[in-house]
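Going by the order they are written in, the chains are A, B, C, D and E; count residues from 1 in each one.
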Amino acid sequence: MGTALLRLQGVVAGYGRGDVLHGVDLTVEEGAVTCLIGPNGAGKSTVLKTVSGLLRPKRGRITLLGRDIGGLSPQAVLSHGVVHVPQERSLFPSMSVWDNVLMGGFVLRDRAVVRRRIEHIADRFPIVANRRHERAGSLSGGEQKIVEIARALMLDPVLVLMDEPSTGLDPRARQLVFHTITEINEGGRTVLLVEQNARSGLAIAHHGAVMESGRVRLEGTGSSLLADPEVARLFLGAAPANRG
Amino acid sequence: MHLLVQAVILGILIGGVYALMASGLTLVFGIMRVINVAQGAMVILGAYLSYTLFSSVGIDPLLSILLIAPVMFALGVGIHRVFIRALRAESGEEMSLLVTWATALAIEGVLSVTYTTNLRSTIPGYAQRSWIILGYRVAEVRVFGFVISVVILSALSLLLARTRFGRSVRATVQNPTSAKLLGVDADRVSALGFGIGISTAAAAGAVFGIIYPFNPGSHYDLISRLLSIVVLGGLGSLGGAVVAALLLGVGESVVAVMISPSWSSFVFFIVLIVILVFRPQGLFGVRERGAL
Amino acid sequence: MSALLEVRALTKRFGGVTAVDGCTFEVSAGSITALIGPNGSGKTTVFNMVTGYLRPDAGAVSFDGRRASRPDPARFYRAGLSRTFQQPRVFRELTLVENLAVAANRPWWALLGRDVPPTDRRRAEEVLADFRLGDLMGNKARELSFGQQKLLEFAAVLMGRPKLVLLDEPTAGVNPVMVETMEQHIRDLHRQGITFLVVEHEMNLVMRLCDPVIVLDHGAKLAEGRPAEVQRDPLVLDAYLGT
Amino acid sequence: KGTNSTNTKPIVIGISLSASGDFSDPSAAAKKGYELWAKTVDAHGGIMGRQVQLKIVDDTSSPDQVVTNYQNLITKDKVDIVFGPFSTLLSAPAAKVANRYGYAFIEPAGGGPAIFDENLHNIFFVQPAPVVDSGTVFANYILSLPADQRPKTAGYPELDDPFAAPIAETVRQKFEAAGITTVFKQIYPAETAEFTTIVTKLAHASPDIVVGGTQVADAFGLVKAMISEKFSPKFLFLSNGSNDPVNFPDKIGASNVNGVFGAGDWFEDEKSPGNAEFVAAYHAAYGPGPIDSTSAEAYACGQILQAVVSKVGSLDNGKIIAALHQGSWASVEGNLSWNSVGEPQGQDLLVEWIGGKLVPVYPASVALAAPTIPKPNWAG
Amino acid sequence: MNRLSAAGLARGGVVMCALVAFPFVFSQHWVLNMAFFVLMYAGLAQAWNLLGGYSGYISLGHVAFFGLGAYSEAILFSHIGIGSRGFLPLLVLPAIGIAVALTSVPVAWVALRTRHMTFAIVTLTLLFVVQQLAFNLRGLTHGSQGVSVPSPTFSLYERPFYLALLAIFALATLVTWHVRRDRLGLMLFAIRDDEDKARGVGVRATEAKVFTFAVSVGMTAMIGAVWAYYIGYVYPQFAIDPLVMIGSLLPVFLGGAGTVWGPVLGAFILVPAQQWLAYRYGASELYLIAYAAVFLAIILLLPRGILPSIADMVARRRDGRTTPRLPVGSAREEIAS
C-alpha cells in the first residue's frame, strides 16, 4: 500500500452544457478501499463515469499507475483493468440472468476461465444459478442489483468502481455485498466505492473522501471521517437512534 | 375444397418469401431499434443486382445471392457508418424512420437513373416450371425461395442466440452503455448487425425478382406489408416474423380465392389491427417489465 | 381506526414464478405502515396491483371501502392513491417545476387552463427548495442525478391531496441528511391525516417512523405487529434481518 | 396574340410528364413521340415559319404537381399551347386547369370515362376511340364467328382502374347479351402482385374465353401465372399489355405470345397519314426495334396541332378549339373527329400475335392477316 | 410568462396578417397555386404536430382522414348535390371537420391502445384500410373511377381556396399554440415522456389522447375537403396517398416536432423546394436523388429539427459565456416562441 493507483488532478467534466465537476483532485491508493460520499448531485457518479471513459474530461489529468487514461474509450479503459458497476440499472433486460453474467466476461477469450469463474460466482450468489434461465428484466430491483455485482466479478480487474452497490438491498444482501467488497480487496484489488449508505461504506473503507458541488471537500481515513462530528452533521445525518 | 387446399399451399409458399424479406427488417429492429423503411428498397436493389448478373453474365439468380450478399452487407455497413450512427444518441426511433426513408428514396432514384423505370423480371429456365404433388400445383421457384428462407432464417437465429457475436448484438441494443462498459465495441456491432440485416435483402431480392415483376417504385407496396408482418409477429422476433408472414400469405391467398382479391389485404389489415389491440406487443413479442 | 386499504388473498403469477401468493393485510387510516421483506418477496408487485398497474390473478383490493373493479392508475390516483417508484420515474423532457405541476391534482375542466398555474408554481418552488433542488428547477428532469430523481419523485407526491401514499424504497440512493428532510415531510403530512404505506430496507428509519410493520416473504405475509415485536420475531429474524 | 406574321419567336408548347412514379414508363414513350414530332416539324421549317419548342416538366405522377405544372406553364411561362400528360388520372385535373384559362387540351393518353364526364369543351383525346370502347372491336370479332366456333363460357379478370375494368365490362355486356355465359369475374386491386390466386380460380372455372381488363404490369403477371398454372384458354384478349410489341414477349417469353389478342389504336405497318414518315423518323432517331404506341399517340397530338394551326392561321386557343370540333383531322392515329366533350368517334383495331409478331387482324379493312384460332397451348 | 405569451401572440399576428394580405398583393395564378400547396402542407403538418409532436404518438395514417374529408366534400356534391359551385362548398368545412372528428373517436380509442412503433404501424394500416374501402365501396365513391367535383368560377380562381386553407391553418396554429401553454399540452408532454407514470399521477391519458387525435384529424379532414374542391377530382390513390402523408410529416421533423412554428417553417421551406425541384429538374431524373440528398443532409446537420437545433446552439453559446446554469424558466418555452 501507499502508492497511488488512480490519480485525478483538476478534472473538469460535464454533460454537454455547463460543468459538473469543477476541478476534482482525488487519489486512490493501490490495494485500498476508497469510499466517496457526498450529497445528491455532488458529482460522485460523474467522477466514476469520467474515469471509466463514459464521459470525456474537459480539463485535468486522470492517470492509472502513471499512465494517462483520461478521454480513452470505455473499452480501452477496461483493457487497462478498470471495471465500472454503474448506479443505474445496467443488466440487459431481455437476456437471461446467465447470459448477463456471461457478458461480464465478454473480453475474456479463454472459455475455460469463463466457465470456472461463472461457476464460482454462481456458488457465491445463489440467485445466478437458481434463476439462470429467467429474463434479467423480470427480477426485482434488489435481485437485479445482486446480479450486477455478480457480473462484475467475472473479470480480474486492477481497479473496481462501484456506484452505490448497496441501494435497494435487504440487510442480508447488503452484508453479503460489503463482505464481497472486502474480499475482493483482500484479493489484492483496489476498490473505489460510492455510497449513500455512508456509515457502512466508510466502515469498510481505508480511505474516505467527501464531495460537494463538483469538488472534493475533505479527505481522510474512513474512521476519522466517521468520527468527525462536522462530517456527521453535514453528510451522514443524525446518528441512528436504534440500530437494528 | 381442392381450391382451398391449393390456396393454402400457395399461401405458405408466398409466406415463405415474405418471411425472408421481413427477417432483415425485424433483425435490424431487434439489433438497434431502427425501423429500416429502406428494407423494401434494398430488396428491390437486390432484385436488380441479380437481374443484371443474370441478364448480362448469365449467373443463375439463386446462385448470384452469394455474390450480392457481400455487396449488400458492405452497403449496410456504409449506411450505418454515415447515417445511422450519427443518430443513435438522442433522437432515436423517429429520426431513423426519416433517415431510412430518405435512403429508400435515394435508392429508388439511383435505380431509376441506371435502369429506367421499366418493369423487369428475372426469368431463368425454372421460373415458370411447376411440380404437381398429389394433384396440387406447386411452382418450383417458390419452393426454392421457401427453402432458402428457411435456411437463412435458421442461420440467423442460431447466430443471434448461440454465439458470442449474437450476445454482444443483443446486449448492445438492450443497454448500450453497459455493453460498452463490458468491452463491447457498440458501433462495430451495430454496423455489422445492420449489414447482416441488409444482406438478407440480397436473397430476398433475388427470389422476389423471379416471382414478381419489379421496377424502382415497387418498394412502396413491399414495405407496408413487411412492416405489418414484423409488427404482427412482434418487433425483433424472427420466429414471430415467420409466423406472421405465413399468416399473411395464407390469409391473403385464401381470401383472394374464396372471396375476392379486392378484399384480401383489407382482411389481413383488419386482423392485424384487432390482434394488436389485444396484444400490442404482437404475437411473439414479449412485454418488458419496464420500470415497474 | 378503520381500514383505508384492504388487500385480500392477492395473488400474482409470472410464468412459473408466483410473485405474490395469497397476500392479505390492511392499512388503517392515519397510520404509517411499513411493508418489509427480503429482495424479491413481492413488495413492489403488491404496490403495482394496489395502484392499478397490474391486474391481480386472484384476490381483491379495496380502497376507502370501495373495491377496485378494473385496474386504472389514473382513477386510483384521483380516488386518493399516490405512489412513488422504486426505480425513479420522472418526465425526462419536462422541467422540475413542470414535473411537479403534472402531479398536481386538477379537475378535468382545468385542461384548457394554464399549464403551471401560479399556485402550483409556488408550491413546487417551495418543495424543491426543501430538497435542495431549487437551483435546478428550470432544468429538465433527465439532467438530475439518481438520488435527485428519487427526491423529485417524492416531491411530486407532496403536490396532490392524496389519502394514501405508497412509497417504494424512498430513501434508496438518497443522502442521509436528505432522508431526514424526507422523514420530516412524512411526519408533517401524517399529522395532516395522510396515511402511508412504506416499503423500505433501511431498518433504522422503519423502526423510528412506522407502526405497524408488515413482513412479506415469498409473496405472503409472514408477520405483522409493532416494530419492536416484529424485530424480535424469530421468523422475521430468520427470513429477513439475519444476524 | 402571335398573329403578327413577322413574329419569329419559337412556339412554346408546355407538357407535363412523369419522370418518376407510377406513370413514368409510358411517360418516357410519350416524350419520345413529342420530341420526335417537334424535331420533324422544325426540320420542315416549323409551323407558320416559327420553330417549335417543347417545355417538358415533371409531375412525379402526382396530381398536385400536375396541377402546379400546368398552372406554371400557362400563367408563369405563358406557353402558347399545352399537350396532355400521361394517364387519365393526371389528365383530368390538368384538363380543368387548361379549361380555366381557355387552352385547348390536346392529349394522347387521358381516355377514361371520367374525363369525358366533365363536359369540358377543350379536350381532344388523340386516339381513334375512347378507352372503354377498346374491347368493342374484339367483341365484334368474336360475335362475328360462326356459332360452332364461338366460345360458350367466358372469364373476366379485371384490374380496378378507370381504364381497365370498364373495357372488360363493356365486352361482358355484349357477350352476355349474345348468350356467352360468364363463369368467372373478378376485380383485383391495382397493387396486386400475386396473380396465382386469381389464375387458380380462373383455371378452376375453366372458361373458353378470357377477356382481361388489364393495364401493362398486371397483364404480364396474369399471363405469367397462367403459364405456370398451365391454364390456356381458347381465346385470350387483354385490353393492354399484349399490345406492347417490346415488353410482352420479353416478360412472358417469346414462345408464349402466339394467339394472344390485344387492342391497338395504332400499328407500325398501318397506312395512316404520315405513318411511314413517323416510323422512319423514329427508327432514325431511336434505332431499330418495335415502337410503343404511346409514342405514336404523342406524335399524333403534334400532327393535329400542326394541321389546325395551319388551318386557322393563328395560335389562338379559342379558334383552335372551335376548329377542332369541326370535321376530321388526319394523323398517324387515323382520321380523328371528336364530339363536343372530346370523345373520339372512331374504332380501335384488333391485333393478334401470329408467328411471334403483332399483326392487325380485324376489322377486315385494316387487317394484314386473318386471325388464327384457337390459341395454341403455352410453350412453357 | 404572460409577457412571453403576448410576444408570441404578436408575432403570430404579424405572420397571419402577412399571409392574409398575400393573395391581394400577388395575383399571379402560379404564385397563388404554389402558396396554396404551401399552406396545405403547413396546415397538415401543424395538425399532425398537435398529436405527433406533443404526445409522441407517430401517426402514419392521418392522410386517411384527409381522404375522408376529400370524399365527404365530393360526396356532398355528387350524392347529396349541394350543387353550388360557389362558396357553399367552403362554408360546409366546419361541418365536415366536426363530423370526421367525431367519426374518428372510436378509431382513435382503439388505435391509441397501442404505443410507439405499433401505433405507427396500426395507423399506417388504417391508411390502407380506408384506401381499400374507397376503392371497394363503389356505390359511394365510384371506386377507381373517382368522383369529380365541379370547378367553381371564382374571379381569381385560387384566392378563395387559399383563404379557406389559411383559416384552417390559422386555427391549427392557434390550437397548437394554446395547447403548448395549457394543461392539456403539459399532459401530452408527460404522456410522451412516460405514459404509465403519467397515469399514475392522475393524467387522464386516454381522454387527452383521443381528444387530441380527434381535433387533429378533424383539421386534417377540412384541409382534405378544400383540396378536393381545388383539384376537382378525387381518386382513392391520390386522396389517400402515402406520399401526402410523408409530405406532411417531413416539415414537422425538419422544423422541429413539438414546437409551434417548426412545422410551419418546415413546410415553407420544403414544399416550394420540392415543387421547384420537380418542376425545374424533374425531367433530368435526378430529382429523387437530389431531394433525398438534401433531406439527409438536413437530418444529419440538424438532427432535432431546425428550431430546436438553433435553440440548442443559442443555449450553448450563452452557456459558454456565463458559467452558471440555465436561467430559471421553462425549457419548453425556449423553443416555443
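To be clear about the criterion, a residue touches a chain if its C-beta (ideal position, glycine included) is under 8 Å from a C-beta of that chain, and two chains touch if they have at least 3 such contacts.
In this text the structure is predicted, and so the values were computed from the model without any measurement.
S.K.: Over the chains that touch one another, what is the least number of steps taking subunit A to subunit C?
M.R.: 1
S.K.: Name the chain whose C-alpha centroid is most distant from the C-alpha centroid of subunit A.
M.R.: Between subunit A and every other chain, the largest centroid distance is to D.
S.K.: Using mean CA coordinates as chain centres, what's the subunit A-subunit E distance in Å?
M.R.: The separation of the two C-alpha centroids amounts to 50 Å.
S.K.: What whole-number Å value describes the gap between the mean CA coordinates of subunit B and subunit D?
M.R.: 37
S.K.: Report, in whole Å, the distance between the mean C-alpha point of subunit A and the mean C-alpha point of subunit B.
M.R.: About 43 Å separates the centre of subunit A from that of subunit B.
S.K.: Approximately how many whole Å separate the CA-defined centres of subunit C and subunit D?
M.R.: The mean C-alpha positions of subunit C and subunit D differ by 74 Å.
S.K.: Out of subunit C, which residues touch more than one other chain, so two or more?
M.R.: 44, 53, 85, 87, 89, 136
S.K.: On subunit E, where are the residues touching two or more other chains?
M.R.: 132, 135, 196, 285, 287-288, 325-326, in rising order.
S.K.: Two or more other chains in contact with one residue: find those residues in subunit B.
M.R.: In subunit B, residues 108-109, 112, 262, 265, 291-292 touch at least two other chains, as defined above.
S.K.: Given the complex with subunit E, which residues does subunit B contribute to the contact?
M.R.: For this pair, the touching residues of subunit B are 29, 35, 83, 86-87, 90-91, 93-95, 97-99, 101-103, 105-106, 108-110, 112-113, 220, 224, 227-228, 231, 235, 262-263, 265-266, 269-270, 272-273, 276-277, 280-282, 290-292.
S.K.: For a test of understanding, state which residues of subunit E touch subunit C in their complex under the given definition.
M.R.: 178, 181-187, 189-190, 192-194, 196-205, 207-208, 325-332
S.K.: Please output the residues of subunit A touching subunit B within their complex, sorted ascending.
M.R.: 52, 54, 73-75, 78-79, 83-84, 86, 88, 90-95, 99, 102-104, 106-107, 135, 137-138
S.K.: What residues on subunit B touch subunit A, complex-wise?
M.R.: For subunit B paired with subunit A, touching residues are 164, 167-168, 170-171, 174-175, 177-185, 286, 288-289.
S.K.: What residues on subunit C touch subunit A, complex-wise?
M.R.: On the subunit C side, the touching residues are 14, 17, 37-40, 44, 86-87, 132, 136, 143-148, 150-151, 169, 172-180, 201, 203-204, 207-208, 231, 240-242.
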